[in-house]
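In the part that follows, the structures are each spelled out as structure tokens.
Each of the two complexes below includes chain A, the first together with chain B, the second together with chain C.
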Partner chain A sequence: MSKKMKIVPCSGIGKVYGLIAREAVLKVVHELCPEKSETVCLGYIVTGDKEVKEKMEGRECITVDGCPKMCASKNVSIAGGVVKEEVKVMDTVKEIKSKNYGTATRLEADGEAVVNAIAAKIAGKIA
Partner chain B sequence: MVENYAVLPCNGLDKCAGAISRELAIKLCESAKNEIICPVFYRVAEAKYNKIACERTLLVIDGCPTRCASKLAAEKKLKTSRKITITEEAKNRNIELANNLRLGENENKLIDMILAELSDAGGKNAQSSDKVQFPNEFEYITYQKDKFIFRLPKNAGFFFNENDCWAYVIGNRARIGVTDFVQKSLSDILYFFPPDIGAKIDQFGEAGSVESAKAVVELISPVSGKVVAINEALEQKPELINENPYESGWIAELELADFEEDKQLLIGCDKYFEIMKKKVDEFNV
Partner chain C sequence: MSDAKIGVISCSGEECLGGTISRLATRKVLEELKPKEAVTLCLPLFLAGGEEERGFAKVFPTISVDGCDKLCAKRGTEKYSGKINGSIDISKIIGNENALNTKVVRNKDLKDEHIQMINKVADEIVKMMSGIDPTAGKPCGCCCGGKC
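Here is the complex of A and B:
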């Protein structure tokens, strides 16, 4: 079984903050820490399939949520994952204030800046 | 462009096909009056999406054969009007998907092709449930014994049961029929008795029969569902089954009830080919 840290973003459909969560996680697992991290599809986690439950059971995870509904954190816990760190996109958004992060489908420069900042924070927690 | 759809995609995070599913859903909702359903949030807080899921025509888009979105729709007992599975769409169009979450030329091309197809179908689909366009020609593998050649379609989407019947599945529709082994065993087919349109058929239930001077053979349906069409041409020309039981000789179309479950008891082309060869060798055709 993989010992990589599992980084799970919320679904990220329909809101720019969700897209930021998703992009930040992809940046971590593909660019910043590919050897130490991997992601699991939240849509698959919530199916409750035996296979994904076995994959998640007792495994340390970092969740990244775009909004206060905290879908990623809640569902990872339900699936048996151990949420080591809850990352909230809004915390970083408050640090990088902007009127234009982009849309649910395309990020603007300020949105990208939030992605980079969140990705760096997550990478720092993994290293 | 299709309108008034509720679009339920898979989450599309860790596979290229999933990323395409998501992108397709977003494009459908950006360019027309469709609404997206978040597959994760819908599972935990259904109230937000119940209205649009029930009132609109539901389009389910799965990235891969795990079919997370389809499972969710089934769990919520939603009436799915159309299903798209990206890996199957890619295979049917001979498009090779990259092992990359960033969409490239091929992936965007596939999205555009599916969008164009949905656009062609347009409002017609939205109003009249889903009319699926089945291909007219397939590719075959063959097995020859003496002068007899037995064909078997090798295209993705074909499933078989050991009763020598096939189902060709597109989305939530399937065409069903008998295999070459049946038509050659019967020789000249003289009569065709179709199932009733609207009839609900269980998996392995009878879905019509065909008769020759030699025998009557029931079509044992590989899939469960409601009969939505029959091949009317067979009523005048049952010999079309002899000509090609997979193309012009198909028997009925079903709106599938639960293909994911049915599929567990079906076999693919390779496995059925071995079974058919054994039957041919043992049977004096």
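Here is the complex of A and C:
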């Protein structure tokens, strides 16, 4: 079983913050820390399938959520994952204030800046 | 919530290209192709949310859009919310090799060929929506056609 840190975003489809969560996690697992981290489809976690529960059970995870519903954190916990860190997109949005981060489909430059900042924070936690 | 709309639930999977295509094709339908007819909800909200979220597929005729043949959006929606009216498995449209591509997942890595895949899947969603009456009753499993 993989010992990589599991990083799971909400990938919320209704607002730009969901896309920011998704892109930040993908930047970490594909670009910044590919040897130490991996992601798991949140939709697969939602199914509660035996295989995904076995994959998550007792494993340390970092979740990244775009809204206060905290879907990634809640679903990972329900599946048996140990949420070591709950990253909230809004915390970084408050640091990088902008009127235009983009949309749930496409990020603008300020949205990319938030992605990069969140990805750097996560990479710092698992380095 | 208005019941004169059709729900589109995307898996938005993070592990492979199919998830990205499912998400962006659904967004294209919501933003460009059927902005007045389509409505969506985050799949994980069925479990993390409350009764209102779990009632989604009971209120709206719903289509699931899955990036691979695990069919997480279809199964997750039916498990927590209600029976769906249609299901799209993207791997049947763009091929398994493309759907399960784990190298190209981020939006910034998408090329013209992937945009074409998004357009193709979005067209399939619209095609499926056109066969659903948003004002009709939800399928109840009997022979009434949603009238009972």
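Going forward, the second predicted complex is superposed on the first by the 127 of 127 C-alpha atoms of A that agree within 3 Å, B and C clash if a C-alpha of one lies under 4 Å from a C-alpha of the other, contacts with A are read in each partner's own complex, and residues count from 1 in each chain.
Going forward, a contact is a pair of C-beta atoms (placed from the backbone, for glycine too) under 8 Å apart; a residue touches a chain by one contact, two chains touch by 3 or more.
Remember, predicted model here, so these are calculated numbers, not experimental data.
After alignment on the shared chain A, the placement of chain B and chain C results in a clash. For chain A, the partner with contacts to more residues, out of chain B and chain C, is C. Within the superposed three-chain model, A:37 lies out of touch with both chain B and chain C [touch as defined at top]. When the two complexes are overlaid on their common chain A, residue A:107 makes contact with chain C while staying clear of chain B. Touch criterion not met for A:63: it reaches neither chain B nor chain C. Residue contacts after overlaying the shared chain place A:27 against chain C, while chain B stays out of touching range.
Touch criterion met: A:46 reaches chain B and chain C at once. After overlaying the two complexes on the shared chain, residue contacts for A:14 are found with chain B and with chain C alike.
Residues 9-11, 13-14, 22, 25-26, 30, 39-44, 46-47, 49, 69, 71-72, 74-75, 104-105 of chain A touch chain B in one complex and chain C in the other.
For chain B in complex with chain A, the touching residues are 9-15, 18, 22, 25-26, 30, 36, 38-41, 43-45, 66, 68-69, 71-72, 101. Contact residues on chain A toward chain C in their complex (touch as defined above): 8-14, 18-19, 22-23, 25-27, 30, 39-49, 69-72, 74-75, 78, 103-107. Residues of chain C touching chain A in their complex: 10-16, 19, 23-24, 26-28, 31, 40-49, 70, 72-73, 75-76, 79-80, 105-108. Per the touch definition, chain A reaches chain B in the complex via residues 9-11, 13-14, 22, 25-26, 30, 39-44, 46-47, 49, 69, 71-72, 74-75, 104-105.
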